[in-house]
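The two complexes that follow have chain A in common; it is paired with chain B in the first and with chain C in the second.
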Partner chain A sequence: MEIERTAHGSATVLRCQGRLTMTSASRLREAVDQAVQDGRHRLVADLAETEFVDSSGLGALVSGLKRARQCGGDLRIAAPVEQVRTVLSLTNLDRVLRPYPTVEDATRDW
Partner chain B sequence: MSQRRLLLVRLLVLLTLGSGLWYLGWRWLYSVNWPNWWIAVPLVLAETYALVDAFLFGTTMWRSRRRPDPPPAEADQSVDVLITTYNEPVEIVAATARAALAIRHPHTTWILDDGDRPQLRQLADQLGAGYLTRGEEWTGRPRHAKAGNLNNALFATDGEFLLVLDADQIPDPAILDRTLGYFTDSAVALVQTPQWFSNVTDSDPLGSQAPLFYGPIQEGKDGWNAAFFCGSNAVLRREALMQLGVVGYVRQVRTAVREALRAAEKVVARARRDADRHGPSAVTALAEVAEVVRQAQRSLAAGEEVATVTYRFQRAVTEAGRRVVGEDLERIRADLVEIGAVAHEGAQPLAVDEELGLPVVDEAALERLSDQDWSPLGALQSVSALVRAVDVDRAEEAQPVLPLATISVTEDMATCMRLHALGWSSVYHHETLATGLAPEDLRTMLQQRLRWAQGTMQVFLRENPLVQAGLSMGQRLMYFATMWSYLSGFAAVVFIAAPVVYLLFGVLPVNAYGAEFVARFLPYVVLNQLLFLAVGYGVKTWRGHQYSLALFPLWIRACATAFANVAFGRPLGFVVTPKTRQPGGSFPWRLVLPQLVATVLLVVAAVVAAVRLWLGTADSVVGTWVNLAWVCYDLVVLSVIYQAAAYRPADKDVTEEMRT
Partner chain C sequence: MTGERTLSGLARPEALEDLHHFVVGLRREHPSVGSQTLTRVETALTELLGNVVEHGQPPLEVRYALAVTVTDSAVEAVLTDDSRMAAPSAAGEMPEVWAESGRGLPLAEALADELVHEPTADGNCWRMVVGRAGTAG
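What follows is the complex of A and B.
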């Protein structure tokens, strides 16, 4: 899994390419930690190129959400593919995290 | 068990339950001695308890079968071996870690040290094992004992499967080869193997080995897809646990936010009533907060995502606070301008904008002054605490996602039930693949049993299996059976009291202890014993039976403390079970006081009965014989507690022995 960090206005986009699974979940957590440490509290996980997410991957997203919220920021998810949307709805996580269609939509009110 | 034995067991189950109903029906309808209701009703209730217990046992045995050998393990199945420890001696952990490293299937070994001990860290380094302890995020938050220890490790490791071992459980090198194959069925979340103790003598006075449980009972539960997770010597699928964690997070956060909003509504309403005291800006701010709370509730009810709703809510509350700060600063600015006119030159308390001659308040300061901690709303403590609770970060927990259940001190049972409710399967693999150390004195043993019983009752009271969605009827009954068995303490008191009351005071709980009683009771009790014999053939089941009655004070205490804990939040008085012997050599009278009182009463009753029979002055010869036999049975059952109290294990260094 590759995570690319770009700035998008006041927000920071973490583009997750590949499979977000138990073996790569820690990389996402580290990326969030790093961003937060750099004072970037408004994060968007861009999942457009994330082919596959398992429960550990979801766990990392929730950890990231907690981390961002504790600094008064937020973590949002954008553009999940079909498989990811299925996992989100199987675990009901889509009742907590809104899957935004695009990064644009995710950052609109920031 | 074999097909033929299973058929025999099923036949005996039907006969036991049939004769039991025939007996108990007669008891309820025709033989309750109502004038002596105070003993008659408890007795018939205790007998009903026992029949329900027999029904649950029979249901378990109905499907008790040995599984065929699993498929072989696949080389690419990645595994983390997790050794949980808190305060066990370093040598014990070392022996387990060495054995864990020697497991044949490729894996990573981790020592999960909740005691945060430098010697263990050093040991792990020496051996080449991983070492994990709790991070900073756990400071000041609930640690959740072993469940917390494992949850912490789940986020620091990445194997597809997890072998969980207590600090004293020495694994066999083949443990993974023999268990991983089951996971080729993608629905399997758990494989549990037996717990067997190496430091127990053949007579096992403390009843440590549980051959009936790690045998016919687990196999029976397995038959209903309800094999239990027992906390150690088990392999778990990470995906299943994480899914449990995420689902649990969603459920918990949605409830918590809904409750926090409801509470916030009330608190804000109360605060508004005396807002005047805090000035007009507080009045406005509170009015705004009240409106924000209502909006959030409406959005949630409309099905909007919790994270979005809470984010907007927090922003809006901050905004309300910021306006108050803005107004306050405006006033300060005005005051300063006034003061500035009369103050000495050069004594400006604040930086002054050179062009405008006004004090400078920069954006950053405004930001800081209106954030959560410093907001003027913070002055209204009750409000700000609740506002903070309306969020999705589970600030009260170290980890937002808690895969292993934390609702009970027996996290294993609670976790397993949730896995089953999500549709996962479990497997019981009947082959000893790890050997451990059992408690070696009565006090430690009692502590351990108390903890199990309390944990089980916590699960029963918090997540009653009979009403959990997602469980099959068989699974409900299997969980309920274990919980039901922990109620035996109440029945035991009655079974001890009834014959004593009859023999000493002639108080009859039953209308007649005549021939009809014997004719109805005897087939039931004989068939019940035959069933036990058929199930437990070749297995020592008597100790377990003795303890289910002899530990009655402990079971009752467990039920009472678990209830007080769940209903009123009282602490359980839970103590981690020490794996080494506790000092103290004298006979622990105080630990067995209730049993001692019961024994004295039973002996007196037996002597009185014997004298009456000898003198020929008994009211009813049959009744006296029946009760005398009953008293003797009670005494034989109770005797185990004295054996246990007097038990002194041979003084040897167990850890030395294990290393060789």
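What follows is the complex of A and C.
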């Protein structure tokens, strides 16, 4: 998985390309940690190019959400593909990680 | 079209990548099986095999074997391992939303139409069925 970090107004977008699984989830955790350490607490995980997420990847997203909220920020997810929407729904995580259609939608009120 | 496809090896993290390529092969061999069905199969098997990778004993030395059969009505999978530690006999409840782990087996169970664990003399056996729902399945 490749994670590209860009600024989008006051938000930081983490563009996740590839498969977010047991072997790559640590990269997302590290990217969130680094952003938070840099004072960037409004985070968007852009999942448009995330082909597949497993339970380890879900754990990393929850970890990132908790980390951002502990600092007064938030982590939002944008443009998840169908597989990702399915696992979010089956695990009830769509209650706390509500998918936004686009990065622009996710950052509109920031 | 029906048929069986098999995969085996050591339950190490790279086995998950092998599993992905295995499912890519299934998609190619069985174009009549809907993409959504095979995505459910891949996601569930990733969780079952990932559980072996993460919890199998001794670590990195457990061998696994997977056989997937495509029938007219379903995709059936049998995953065996020789872990010295028995897998949980049931998938259990889905953890609360703030948990960072523990979703793997409940997620596999939610994706499958049938999921049964059987302890074996050598380790574990998971039998899973995912139906080919409707004409798109």
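Here is the rule we use: the second predicted complex is superposed on the first by the 110 of 110 C-alpha atoms of A that agree within 3 Å, B and C clash if a C-alpha of one lies under 4 Å from a C-alpha of the other, contacts with A are read in each partner's own complex, and residues count from 1 in each chain.
By definition in this document, a contact is a pair of C-beta atoms (placed from the backbone, for glycine too) under 8 Å apart; a residue touches a chain by one contact, two chains touch by 3 or more.
What you are looking at is a predicted structure, and each value in this text was computed from that prediction instead of being measured.
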{"item": "Simultaneous placement of chain C and chain B on chain A, clash or fit", "value": "clash"}
{"item": "Touching partner for A:8 - first (chain B), second (chain C), both, neither", "value": "neither"}
{"item": "Partner chain in contact with A:82 - chain B first, chain C second, else both or neither", "value": "second"}
{"item": "Contacts of A:72 with chain B and chain C, given as first, second, both or neither", "value": "first"}
{"item": "Touched partner set for A:19, first chain B, second chain C, both or neither", "value": "second"}
{"item": "Contacts of A:27 with chain B and chain C, given as first, second, both or neither", "value": "neither"}
{"item": "Which superposed partner A:98 touches (first chain B, second chain C, both, neither)", "value": "first"}
{"item": "Common interface positions of chain A, toward chain B and toward chain C", "value": "22-23, 54-56, 58-59, 62-63, 66, 91-93, 95-96"}
{"item": "List of chain A residues in touch with chain C within their complex", "value": "19, 21-23, 52, 54-56, 58-60, 62-63, 66, 82-83, 86-87, 90-93, 95-96"}
{"item": "Interfacial residue positions of chain C with respect to chain A in the complex", "value": "13-14, 16-17, 20, 36, 39-40, 42-43, 46-47, 50, 53-54, 94, 97-101, 103-104, 106-107, 110-111"}
{"item": "Contacting residues of chain A [partner chain B, same complex]", "value": "22-23, 25-26, 29, 54-56, 58-59, 62-63, 65-66, 69-70, 72, 74, 76, 91-98"}
{"item": "In the complex with chain A, residue positions of chain B that touch it", "value": "155-156, 158-160, 238-239, 241-243, 245-247, 249-251, 253-254, 304-308, 311, 314, 371-372, 391-395, 399-401, 403"}
